[in-house]
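Okay, structure first, notes after.
Read from first to last, the chains carry the letters A, B, C, D and E; within each, the first residue is number 1.
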């Protein structure tokens, strides 16, 4: 690691999560609680985000790092905000559309005539459209119903047929509840296989204090690698931080994610330019992105430990 | 109508229109009225005098049927009416005008409650604004009137509810000497003209003697009737009488009764 | 007015000098620009939100009137129901909103219910307080004239409680539009809550703030309307004040 | 009491007979079980939430007192500030919360500010109304005895406004705990809002409802405390009532 | 102190302690007081009579310094005090007791405002509860008192603020005849014993004649002084005088002035 002068007082660093604490965040907790950050000379505190996300807090310098996702970084950059993704927490998009198996939705075309329950954001609609039309279906036959924060189980118990979920969380929860689901990953359409979540930092910090960034990412990488190798122990560390979480769910989710954090990549955290290009392109095509976006500037692999 | 020396012997009915017998009333742990009997004939005016807090208003409340006596009987027009309202017009000690209604709307409340239309009620009330000294103030709010005008409005409302039997609780309390005099005269005239039966409370002994056929003096609470005095003065009684010997003799008697009963 | 202008100028300066990211706090100029550009698009959303807010506001008045009335008629019920009314205000809406969606469907109803839930409490509390304060002598006056209980209620107690009621209505008016926005935020097809949600999900903060501005202005209009209604219904109070000054 | 029991029984029956899934509406028995099992874990969260709520409640009283006071002293300021106070209630907290985090940090302060924002409005409105209602003749009486403006304020106007103030405080007390929960939900380390969010996001609906139950009970306790304080400070009012019944 | 036929000629000071000259006051579009001049010598009692709404209370307000006259001068103790308070004890027409303070705390307000400790203030007030007829009610709230008791408490508070110059606006309005009589006697005694200067408003002509050295009658608004009457009765004046010729002669005169001025 870069900032390894362990004799000095550890440097205080704040990282803000993207959501309620969950298994996407395990590596950070492992690194904190097993002393990986400390060994890098960092004193990391993990904070929880407001409903509107953490990007603003990073930009304002209130926090050094945050957990975010490619979409947010893309929009932030297009709006002229200087922040970058510095590591992908998970290599592939592990979210997708789930339905109860009784609905018999096996492929995107089957969305026709079904009711989709979502947040009501235009991106979401574009994604459903991309999948349906990519599979030769008619998007106009999909009914879109805004359900806000209603979860998969409550929604599909009623008039809603399919919902956007995280495989590693809601999907696992369904398994544990013994509910059979059909799951169509977003990654079915290559363009939708974007990075979520990612770690972000402000451009300024990357220039002024690259050592600190390197130290942080290095600690986080060790944390995630530990989670890959020891899913059960990692789950326990997460549960220690948030005992209110459902233990069974966390452990099962952790086992699933162990295979996803680094899946297929040479090392944890690495991102590919084409993923950034492709997704931004797609957003523009759908009229969802305004302003100038330079994919090369939106992310960097340079701070990843090699 | 008649100016014989003692009016009630000639023009009053013979059977009593209001009769109380041994009425008793108390409030949680406080004996207020300790057995009061009285009776009024049709067209008679009875004035109640007594120390503050002795239960005069409480007694009026009972006669108006707003409260039940603990024991005893209240008979109006031959019917037992313990706790039954609507038999009398009752002017409370406070003026109780609704602050959100203009004077016209306030005084016509009793007519409207009887189901009369607004137009009809106003047609009936309009000619009374003159005699009650409220002409020109029909569309004022109560808060825009002086204390005396409010009291006159309250009296007018009572009159519009029932003019044959009226209970008046200190009807002229807040008035200046002249207005008071004018209204006292007006009330006297009304009573003789309409043969109205009046039970009134007052603190003004002159007023009691000028208007009433009889005066009853109540004791401190728990109150009883200390004494009952016929007023042997001829009618119509003029203001000038106040300084005459007959008047002063009655006044002195009443004073001495009041003093003997007070504390 | 002048204070408001100064505030906006300071805000603008603050954003420019500190180079604050739009993400956190867009400058008034950016917000205004977004508002002007988006106003046509916003219009139908504004209509829906206003409709939801007004339906909820009026319903909350009815609900509050109903509760106040029965709690006033039956003192037993007052003691029994008051805690439940308090409870209704302490349950976080976010967590029970899914239940509303299940019970009332995904249409307008669930959003109106949110507005009612937010608005009826201040109205009910103030109406109950107001009805409690009736001068018992006034009631006696009417009883003495053989008024029926309903007549007493309509002619004495309710008008007497109006000043209190309007205090509550002013608070409820303030909350009504925001209540509708929350309902829409929690899931709807149209409305300012949806517009905000979409602007926010596409990270267009100036539009979010332009929408907030619209919500604030609409709220102030509703508030002003209630204040006007108060002047109308309580004209006797203002007549009184006028004669005193 | 009996009504509450009946309600719970019906709820239980409803859940059992319809075989309602837990994630839609957990049965009271399931909620109770969750509460019993999780109570130790909840305890620190409850403490934090109660502390936040109480700090915010007391602060909101101070803020409301400050605003009411200056708005009362300077009628010009009243007309100028009132709209801003209304505005403060119509801006959706979700969007300005990031600003709070930037200004006040990740600690307790930002949550307390949310509580203040939610609670000070009903208190301020009722206090302003109360101060406005002082009998001018009482002020004249004190002026005639050469009382200083502060003495008049403390001895006449404030005590006279207390009944109104307590109406507002009861509303604010009702909102205070929920305000803290919202603040925590928007981002915190501990507190019932965090607990609920975590239970909710792990699809443990009975725990969410157990937490709501706790929030409701704590809110009722705060409400009861304010009502007690009211009885104490307005003992003269209750002395009056006692002698009338 | 002195029972010569006309008290003010012997025991009153020669220079005036209160002097009003050509005081004018109106309210937005309403002329109320249209130039009133009067003067009181030390120890003198002046009673103001006049129709309701003529501006009596308004005049008291001006003398108390609670309001500025539109023109004219108000001089108290030789100083021009237009709009300056604190020179007189002022009992308002309403009792104005603070409902949230017990009687003791209410009556000691003026002492506490002067900076006295609670204990000291109560030590001074305690012996007065007897003479004011409030013994045993020290720890009651105003709402628990009858109207008469409230009025006495208000009088006591005024007395505790300043007993040398007092303005009393209908001090005995809501009292029954006996209590009223008792307090009138008490006030008369007080005035002679302390050489108190009193400006009082009343609607009760008997009261004015019994207590005052001079009576001034005001016209309808815009009001002026219609007439000023010395009361040529010896002191102490007993209740019995009310029915004597001298008394009645004065009373008749005042009545006729009032009648001439009333609308």
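Quick note on the criterion: a residue touches a chain if its C-beta (ideal position, glycine included) is under 8 Å from a C-beta of that chain, and two chains touch if they have at least 3 such contacts.
For reference, the UniProt names are B, E = Nitrate ABC transporter ATP-binding protein; C, D = ABC transporter permease.
What you see is a predicted model, and the numbers here were worked out from it, not measured in a lab.
Shared contact partners of subunit B and subunit C are absent; no chain touches both. In summary, the chains found to touch both subunit A and subunit D are C.
By number of C-beta pairs in contact, chains C-D lead all other pairings.
Between the Cα centres of subunit A and subunit B there is a gap of 86 Å.
Separation between the centroids of subunit B and subunit D, computed from CA atoms only, is 52 Å. Put simply, the C-alpha centre of subunit A and that of subunit C have 38 angstrom between them. The set of subunit C residues touching two or more other chains comprises 24, 94, 98, 102, 185, 200.
Contact of a single residue of subunit A with at least two other chains is seen at positions 52, 56, 60, 151, 154, 157.
Every pair of chains meeting the touch criterion is listed here: A-C, A-D, B-C, B-E, C-D, D-E. Chain contact summary for the complex, subunit A toward subunit C: residues 52, 55-56, 59-60, 72, 75-76, 79-81, 119-123, 145-151, 154-155, 157-159, 288. Residue ranges of subunit A in contact with subunit D, taken from their complex: 14, 19-22, 45, 47-52, 56-57, 60, 62, 151, 153-154, 157, 169-170, 173, 177, 242-246, 249-250.
Residue ranges of subunit C in contact with subunit D, taken from their complex: 1, 3-4, 24-25, 80, 83-84, 86-87, 89-92, 94-96, 98-99, 102, 121-122, 125-126, 129, 136, 167, 170-171, 174-175, 177-178, 181-182, 185, 196, 200, 208-209, 212, 215-216, 219-220, 223, 244.
Those residues of subunit D whose C-beta lies close enough to touch subunit E in the complex are 135, 137-138, 140-147, 151, 155-156, 159-160, 162, 234, 236-237, 239-240, 243.
Residue ranges on subunit C touching subunit A, taken from their complex, read 20-24, 94, 97-98, 101-102, 105-106, 185-189, 194, 197-198, 200-205.
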